[in-house]
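Both complexes shown next keep chain A, but they swap its partner, so chain B is in the first and chain C is in the second.
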Partner chain A sequence: MTDTAQAPGAATIPGRVTEAPVARRRRLPVKGSAVVMALYLLFLMLPLYWLLNMSLKTNAEILGSFTLWPRNLTLENYATILTDPSWYQGYINSLLYVTMNVVITLTVALPAAYAFSRYHFMGDKHLFFWLLTNRMAPPAVFALPFFQLYSSVNLFDTHIAVALAHCLFNVPLAVWILEGFMRGVPKEIDETAYIDGYSFPKFFVKIFMPLIASGIGVAAFFAFMFSWVELLLSRTLTSVDAKPIAATMTRTVGASGVDWGVLAAAGVLTIVPGALVIWFVRNYIAKGFALGRV
Partner chain B sequence: MTLTLENVSLAVDGQTHIHPTDLALEAGTMNVLLGPTLAGKTSLMRLMAGLDVPTTGRILWQGDDVTGMRVQDRGVAMVYQQFINYPSMTVFENIASPLRLLGKSKDEIATAVDRAAALMRLTPFLDRKPLELSGGQQQRCALARALVKDAGLVLLDEPLANLDYKLREELRAEIPNIFREAGSIFVYATTEPEEALLLGGNVATLWEGRVTQFGPTPSVYRKPVDATTARVFSDPPMNFLDVTVAGGRVDYGDGQGAAAPAGAADGAYRAGFRPNHLDLSRHTETALAFECDLAVTEITGSETFVHLDHAGHRWVGLIHGVRELTPGARTTVYLDPAHVYLFDAGGTLVAPAPYAEAA
Partner chain C sequence: MNKTVNQKAWFLVLPVLLLVAFSAVIPLMTVVNYSVQDTFGNNVFFWNGIAWFEDMLESERMWAALWRQLAFSGLILAIEIPLGIYVALNMPKSGIWASFCLVLMSLPLLIPWNVVGTIWQIFGRVDIGLLGHTLDAIGIEYNYTQNFYAAWATVIVMDVWHWTSLVALLAYAGLQSIPDAYYQAAKIDQASRWAVFRYIELPKMAGVLMIAILLRFMDSFMIYTEPFVVTGGGPGNSTTFLSIDLVKMALGQFDLGPAAAFSIMYYLVILLISWVFYTVMTNLDKRDA
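And then the complex of A and B:
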């Protein structure tokens, strides 16, 4: 410790003696936050881990003893899902109508949001607010009318039926999000493009959409998430041909009881697409929650 | 090439933004729209570009009616006060974009862009995005895009207002040269009389949505048709003083007088003079002396602005050199009658100042 009494310039020379107290002072708070962080992650990840854990066990092990990790590691459950059409068809159905929904939502919401951000027309503010009130009703309210309506126009049990039903909730949100992003783009850019000779469609695709790309990403993300997670409408409006995975998972009680392992594997596979989407848009999420109105 | 505005007016939500206006702009001319903020410069420019449709009147391009025609078909170029570029494209693509839409070949585009970029000194930045440039470079990029298009009508809406002083001086000197070669009609909006004088060409002075006068810049400056034009075309604004003319003499009050210009009948008039013609010392034999209260002084470095109260009028004087003056003090200022414009009670010019007549 005698080294601490050195001349001021000497402190810049790295030496173990001068470094030690700094490190010791730092370690303690790190320890505290590490504990909190570890606990937080533990509670956060425990359900996910348990799902993964179950999906890799046999039914006998799940029902038999309490094990923290699979004693007999098996991929049998995943194999079942990926080979049995009644299982994997559920994923295909879900992905199909979710994709349709995202595409329809963006195609409808982009022009609508542009109109709201650029033009004044009679009742524009009221209409804008009214759009949002569509989200205030729970999906269950619409289950019955949709069921009757789609049955009578022969759309029952089709992918497009679910996609359209979800648009009722997704289009208003997408319009709301996109309008915020669009308002951040000065109107002079539109005009400069017209003066340069861009037609409206060309301007919209080539100049405007790149400027609000993150908004489009966020809107697509919210539409995807709602449509992927929503169960009630998608189950009500389908029976066999367009049955979503979430509905398949709720109908797994067979003659031999509940097939726990397969169900857990299905759960894991259901999380994957959502996790992937979140990974891709993670940088824009914060801005999206601000709805572009920063 | 001519652009003609016939009785063009614009009203938005019952409010008149532009009063009926007739204007004829000739090819190869620089036309400055001069007026304070909210005078209607931008509105008039948007009407010329076709971004807004006039409420009444017609806009003729080379004799053809282009009122209500799509902007895309008008063949105009415009630069805004804000630096407007396409943020998602590189500087090269920004400048090239009007040419691409005209269907020019790759070689033509490359040559034209390189030429415009060299003129605007943007060559080292062609691969950058506009937002990675400084403000001046961004505006030069917007100017290059307007230049490269070779449009018949180029509209510049206060293009230098958001730039720093040095860059503004530089670009202001370049712009007339750059665009003169193209032979197009240029319209340049500005709030600064000094800028209008430096750019030369024609000037249209605007006041509250009205074009008060249109003509060659020096002659509008020397012989404004009315008090409003004179006020707009003077920075700080022109000073006014109520005077009477009797028996061929102008009575300036305090027993002072000077010979009245020919044709001025007896009656009440308004005398106007520019701030730079006031002086703190008796600079000529014939100078009139006015007792004023000094309100404020502003020192800009080489000049001093003095704000004076005289008989209910606020005057501003622009005095050379730095003067240490105490606000509130009685001050005598001097004015040569040769620098005095005479307007009638309605504001119409009766006689320009003798010095302007001589020039």
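And then the complex of A and C:
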């Protein structure tokens, strides 16, 4: 360490004091952190690799021998899922109610988030807090009452029932996320638009929504995701016609003679939708999980 | 931002209010209704006062589930928070590698919860899973359906796998907001790596870490799907957490009264933590503004 020897020169040549240690320090820690990240990512990827590995094997190979990669590469498991209606219908059901949920969520959440971000009104803080409590409410508490509620209004085993049930936690989430984004838009824009003669709906759709386009995308992504990953409510509210892929999978597990290859392939296919869009929201993931704060 | 008072804003939040009230208030009232009534069958109910609440408060089963739940939440927090911070400190600051890490780390967060369970169920099996097979090969007895410790280890490692990235991403977002000037000042002061972490990074991350802790505590407090798929709450009752026990009681045995009383107490706890969360969030907003 020559740092102490350099110290007297600090006043005259500030560049050396700040930059020399940087170069020296960077080399080692970067290597160390790369190792840490590599180990962590390996830990994350191993189980996923194993699932993918199994989905590409025949059942004989899965049960017969222990192989680290598929010796007889087969796409048979995927073919089974994509051709058997009892399997692929599960995906269609899931996608249907998830899409409905995203549309409903954004439609009601956008104006509400605008109200919260721009105005004070009676009970606004309480309402905002109450919304949050619904995001945090344990689905297990709601499973049975939901079943009875949707049965009594004849919506049991329909896609809209699941979509509405998922609004319980997705609407609050979307309101919080959107409010976070909307606060970043200066209020002067609203005022200028009104002076220019825009009506509220026209201003909102034509000017405001493009300004928070990324926020809408993030809110849509998170509504999609939380509706897609949830199982307890969607399973409780459906039996045949709207049964989600997640429930189709659960019922296969534990049955005598589980078809491991198909199960793994079904699992891989449920990861695909999230994996496809993750690139676009990578910088907002933390913000979305933290309900628009951070 | 200075907001104006405008009562007409209520019209904008009305759709949300109605929709969420339909999904939240009606079911909650159903639960309240059940919690104070008893039945001899045939859908004939009679007033039962607070007997179910007293029953549940004395029920060993509920207390056991609660302690298991607290042990679980405590353990995963003790692992995930430090690990998440550590990972965040080691992430690349910018560039293509940062994006690459962000995407890969987010992957487990987007997997349906029962698939997470299935992945670990397969991964831990001695006959066909990489983890189970490896442990078996090096002579460690590992069977998550029979062995108490193996079941707990599996459930904990699964949760760490699933959610540590969330903590890391939040901590990373906190780190990104620290201006370079802070680090330069620390360098001029010749602060040690530990001092930089203790006096610059940690205080700057405190807000997001608080959010991370609360989110993880709350979400783990209502965990259901993942452990249910892997262990089914077993062996015995050893991984029967609150939600699993509640669903068993309500949908499995149809003990509506006790289950409802249980639900309400469960809900009140969540409400309390939500309030802490809300306070932290709004204070954070004020600090930023």
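By definition in this document, the second predicted complex is superposed on the first by the 241 of 294 C-alpha atoms of A that agree within 3 Å, B and C clash if a C-alpha of one lies under 4 Å from a C-alpha of the other, contacts with A are read in each partner's own complex, and residues count from 1 in each chain.
Here is the rule we go by: contacts are C-beta pairs under 8 Å (C-beta built on N, C-alpha and C of every residue); 3 or more make two chains touch, one makes a residue touch a chain.
Note that the structure is a prediction, hence the values are computed from the model and not measured.
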Next item on the list: Record, for the superposition on chain A, whether partners chain B and chain C clash or fit.
Entry: fit
Next item on the list: State whether A:Leu173 touches chain B only (first), chain C only (second), both chains, or neither.
Entry: neither
Notebook entry, point to check: Taking the superposition as given, does A:Ser199 touch the first partner, chain B, the second, chain C, both, or neither?
Noted result: first
Check: If you stack the two complexes on chain A, which partner ends up touching A:Ala265: first (chain B), second (chain C), both, or neither?
Finding: neither
Next item on the list: Going by the touch definition up top, name the partner, chain B or chain C, that contacts more of chain A.
Entry: C
Next item on the list: Check whether A:Leu106 is in contact with chain B, with chain C, with both or with neither, and answer first, second, both or neither.
Entry: neither
Next item on the list: Would you sort A:Leu63 into first (chain B), second (chain C), both or neither based on which partner it touches?
Entry: second
Notebook entry, point to check: Now for A:Glu191: first (chain B), second (chain C), both, or neither, which partner does it touch?
Noted result: first
Next item on the list: Please work out how little space separates the C-alpha atoms of chain B and chain C at their nearest point after superposition, in whole Å.
Entry: 9
Note to self: Counting contacts the way the document defines them, which residues of chain A are shared by the two interfaces, the one with chain B and the one with chain C?
What the structure shows: none
Notebook entry, point to check: Hey, which residues of chain A end up touching chain C in the complex?
Noted result: 3, 10, 17-18, 21-22, 32-33, 36-37, 40-41, 43-48, 50-51, 54, 62-63, 66, 68, 104, 107-109, 111-112, 114-122, 124, 127-129, 131-134, 136-149, 164-165, 167-168, 171-172, 175, 183, 187, 225, 228-232, 236, 246, 249-250, 253, 260, 263-264, 267, 270-271, 274-275, 278-279, 282-283, 285-287, 289-291, 293-294
Next item on the list: Please name which positions on chain A make contact with chain B in the complex.
Entry: 186, 188-189, 191-199, 207, 210-211
Check: For chain B, which residues are in contact with chain A within the complex?
Finding: 49, 51, 70-72, 74, 76-78, 80, 82, 84, 86-88, 97-98, 101-102, 142, 145, 149
Note to self: Please output the residues of chain C touching chain A within their complex, sorted ascending.
What the structure shows: 1-10, 12-13, 15-17, 19-20, 22-24, 26-28, 30-31, 86-87, 89-92, 99, 101-115, 118-123, 127-131, 133, 161, 165-166, 169-170, 172-174, 184, 187-188, 190, 208, 211-212, 215, 218, 221-222, 224-225, 229, 242-244, 246-247, 250-251, 256, 259, 263, 266-267, 270-271, 273-275, 277-278, 281, 284-285
